[in-house]
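Chain lettering (A, B, C and D) follows the sequence in which the chains are written, and residue indices restart at 1 in each chain.
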Amino acid sequence: MVDMSTTLAGMRLPNPVLTASGCAANGKELQRFFPVAELGAFVTKTVMRDPRSGRPTPRMAETPSGMLNSIGLQGPGIDAFCTQDLVWLADHGARVLVSVAGNTAEEFGEVVDRLVAGPAWDCVVGVEANISCPNVANRGLVFACDPESSERVVRIVRDRVPEGVPVFAKLTPDVTDIVAIAAAALGAGADGLTMINTLLGIVIDTDLLRPQLAGVTGGLSGPAVRPVAVRAIWQVTAAMRGGRLPTAPVIGVGGVRTGTDALELVAAGAAAVQVGTATFNDPSAPRRVLTELEAEVRRHGFDRFADVVGIAHERMVRP
Amino acid sequence: MSTGVVQVAGELIANRRVGAYHHLTLVAPGVAELADPGQFVALAVGGPTSATLLRRCFSIHKVKPSGTYGGTVDIVVAAHGPGTRWLAALRPHDPVDVVGPLGRPFPLPAEPVACVLVGGGYGSAPLFWLAESLRERGCHVEMVLGAASEDRLFGVVEARRSADAVHVTTDDGSAGRRGWVSDVLGEVVDRTEAAVVYACGPMAMLRSVTEVAGRHGAVAQVAVEESMACGIGVCMTCVMPVTGSDGATRMVRSCVEGPVFRGDRVRWDAISGGVTRVPEDAVGAPRAGGH
Amino acid sequence: MVDMSTTLAGMRLPNPVLTASGCAANGKELQRFFPVAELGAFVTKTVMRDPRSGRPTPRMAETPSGMLNSIGLQGPGIDAFCTQDLVWLADHGARVLVSVAGNTAEEFGEVVDRLVAGPAWDCVVGVEANISCPNVANRGLVFACDPESSERVVRIVRDRVPEGVPVFAKLTPDVTDIVAIAAAALGAGADGLTMINTLLGIVIDTDLLRPQLAGVTGGLSGPAVRPVAVRAIWQVTAAMRGGRLPTAPVIGVGGVRTGTDALELVAAGAAAVQVGTATFNDPSAPRRVLTELEAEVRRHGFDRFADVVGIAHERMVRP
Amino acid sequence: MSTGVVQVAGELIANRRVGAYHHLTLVAPGVAELADPGQFVALAVGGPTSATLLRRCFSIHKVKPSGTYGGTVDIVVAAHGPGTRWLAALRPHDPVDVVGPLGRPFPLPAEPVACVLVGGGYGSAPLFWLAESLRERGCHVEMVLGAASEDRLFGVVEARRSADAVHVTTDDGSAGRRGWVSDVLGEVVDRTEAAVVYACGPMAMLRSVTEVAGRHGAVAQVAVEESMACGIGVCMTCVMPVTGSDGATRMVRSCVEGPVFRGDRVRWDAISGGVTRVPEDAVGAPRAGGH
């Protein structure tokens, strides 16, 4: 038996496989394929203060080994989320990592306040601040593209989330120096990091000769981006191991389709792994990845998942 | 969410060319037992080394809950992109992963009213099965099948078995009457005093079917075909502006709340030129200066 | 007949399809599959001042719809390049875009000096400054990650290349704001831009549980990254159309495998296209892409390639 | 670069399981006519929707310049990763794009000297054809075939036809002598007074074959198997440190300057644990403080 449990900034999860925000809705739909309570935690679709209709369609384009999406954070708003979605998740025994966002740093705080005050707060094992979303105050630039904006948001979120419940900052890879953004987020009190969100991309419809997405740009995800996710996780955890960043858990996400894919992120330093786009290919993907990852850990002769986290840094061939 | 769904490792048992289409029969135990007309299946494409990650969705043409091979599902595929071409090239015994049945089926009338079923191109695929269900309930059923040209009509012969009368139109006049399905629909609704028009086909056709049905006193039930990344309700790519019973318009997922919608509930005004806008009065629509 | 010619900052090419630096060696090898003189131009492997052995192996990892490479700019050095490789290309009738780099900005200048003084300078139709390479003076940070370093290199290269021969700056997508880097390069005198170089990535070998590349990180290329290339081209040419950047030709590169792929980059704004990784899949890819691109232009009813450049900006659906 | 090469749309005509391997016969007109023993082919894998972009390289096992189907090429595939599994699953008439012949063949001795051919696992694949060429020139040929276990030996029966004597070793003793090829090689070289040892197999084996051959007065010609992205000389991924006739070590491309190298020219000292370092004395090696 392999001990698959993992502890993320004091939050102990029975296993390290999670859904990815926006790729699993809020549980009901996947429950038809496997019990969501079997996952380490369930990560909800990013929720904002008000209901949002999202962007026009087409909202997606398939790309080689990946896809673009431009959903525009469609959702019911935090109040309906708390009284309906989160209650459903609690009733079904899920541990929940709630992904939140705001158009401004202050709005993040409002969302958190209402979340904490909601009826199902007890099932929440952590808050993921999706700072890879546009900052209305700063020309729509993504918060996580700038260390200061990242800091401001994370500080507010950390302030409002009760102590003992960890806050994760979710970073975008579309930056020159992800270690600098990680430093800003951790400096502002983030208990951990989630990496990576999608890469900005465009697909041209070669019949219509115009962008395929109605919103022009979209987020690139899927196996195509896995090497970028592994690199981001590696760089940040290498900085932690080298003492250039405070040590904190990293949740890996990006292109995980199989247990070996998950193992790549884990060996590079991720203490937990989210499965996103692969769920569209296989609705049971998150649950299957858990089974496969456990088999991989066993194949390598380990009996504790925790021993594999970051192992590639140790086994690296030094020049 | 109450409807059952399964994910099974299916197997192709037949692949027949029919006009411009490929008619595929898949063994997919469990799907047939749960399915109703109007639902669809989502198939993984490209095999183990595939770069095409997203499933392809197809209306269920017919099902056989059990047989020599276990339950089977039939679909009709128009091959144009990489996924549909891959499916069209499959040979018997090739494996195909199937998720289904998905979506909401065509609602059946409580009373034995007359119904008109309208299919554009391969959009007719789910209608024969629907026709049989309707006739079992005592409904009078007529079908209107239209396409660009004769080779793009699907199931005219089958239609003659499943329906009380069949009307055919083609854009180029190569079969039936030259013109569009909407050109003949009004007279059929009037003559049969149809209460419901069921339709499946391209967006522009569904819109005019809805208008014609409305003008002639029938309710339209249309099966839409939005671009879908997941088919199971988790990605939010397949949304359409639809007005609910409360009068509010929402961007709803056509894979779980559709693909069948009441035609007069669809906000056709927001749909044009291959883009669907968010109506300004939709719940959570961007406000001036806002998101 | 479609007029496939394209003019890049005064340099007229018979057609817009080029090889990508480092993906076609220096001509001899591909000549066995098609005459390299049939391409719009031949882009050479980046050459530096001294001979270089490159990195240890493994130097490559296959990734979903792409690959990582870590060659380390192996090459013969500028002198052998001029007397052997470039002479061979000249003898075979190729128009050559020479890719140059240096460990320091000054070294770029030395390379250009020797190139211009070399025996086959006449076949050179342009110089591509590969500023997406590490800057030894700045902790090995890539020049193109920083506007100032980019500026310094481009200024030196532009100074040393004789007037009338255009200089292209090749940018990396691994930056927060590629328009800012483009502005720096154009401000320093670049006549055009080549976009994109590879994305930084890592692959973990899940049997050995260590990075698969001996050099740990590598550059991600291939169809997987095409949406990122299209996005970079779109952003920079949109800024030019919007008057926020001076107008200059963009050479597109990233994930082109077919004529429709090339059309994506062209419709997004590229006036020429380079074919890189696809050549490893199909040695005739650059020549085939030309045939296919011409067919695409014709299918859309155009008789001049130039009319399709950037067309997606005009056909875009405005909200 | 003088050697001819073609790229052809080939077709699989036979796929036979042989022990742990798959023996594939491909129609690939033009390749057979140009090929010599020791060269290889690069095959595209995964079909039109493939996410596996890079070609897979395989030693040419044998060729038939013309026949019922036009020229054919045979290869022996060990299925472990996605590309080789895809190839192993091919059925007759499936298309396979072939580039070849690639690389430098085994150099043949000018005189009819005795030769020993050493194959590890599927590494024996190119040796039977080589043995025949050597025997045609009057060489005495003995073969040493080794593998981890009996099912991983390839071509023992064929070897008995192609060579004057065959020696077999397996790590586990399941066939032939228990042990490694290098355990028996020395005595074979001595007895036959062999002038050349040809070898193909894993790196560690090639290294010890080189050492044993050297100690017993023979020249080793080894066919290496480096990870290759292009196979045609344009990517620089497949390099190895090899000492040239001028005494200088360079990182040379094993796809065009190899895959066959004189064993004593390979810088084995730089190769270990799955990594090949750049020897400090190599041309253009990084100097302290950067390049």
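Structural remarks
The rule is simple: a contact is a pair of C-beta atoms (placed from the backbone, for glycine too) under 8 Å apart; a residue touches a chain by one contact, two chains touch by 3 or more.
Everything numeric here is computed off the predicted structure, so don't read it as measured data.
Chains that touch both chain B and chain C: A, D.
More contacting C-beta pairs link the chains of C-D than the other of the two pairs A-D and C-D. Across the assembly, the mean Cα position most removed from that of chain A is the one of D.
Centres computed as Cα averages put chain A at a distance of 46 Å from chain D.
With centres set at the average Cα position, the gap from chain C to chain D is 35 Å. Here the CA centre of chain B is 55 Å from the CA centre of chain D. Centre-to-centre separation between chain A and chain C, using Cα means, comes to 34 Å. Listed for chain A are residues 56, 64-66, 208, 214, 222-223, 317, 319, each touching two or more other chains.
Among the residues of chain B, those touching two or more other chains are numbered 51-52, 275, 277. Interchain contacts join each chain to each other chain, per the touch definition above.
Of all the residues in chain B, the ones that touch chain D in their complex are 45-52, 82-83, 85-86. Per the touch definition, chain C reaches chain D in the complex via residues 22-25, 28-33, 45, 48, 50-60, 62, 64-67, 69, 71, 74-75, 77, 103, 136, 208, 214, 222-223, 277-284. Residues 64-65, 223, 317, 319 of chain A are the ones that touch chain D when the two sit in their complex. Residue ranges on chain D touching chain C, taken from their complex, read 1, 4-5, 7, 44, 51-55, 97, 99, 226-227, 229-240, 250-251, 256, 274-278, 282-286, 290-291. Within the complex formed with chain A, the residues of chain C that make contact are 56, 61, 63-66, 68, 145-146, 174-177, 199-204, 206, 208-211, 214, 216-218, 220, 222-228, 230-231, 234, 255, 260, 263-264, 267-268, 296, 300, 308, 311-312, 315-317, 319.
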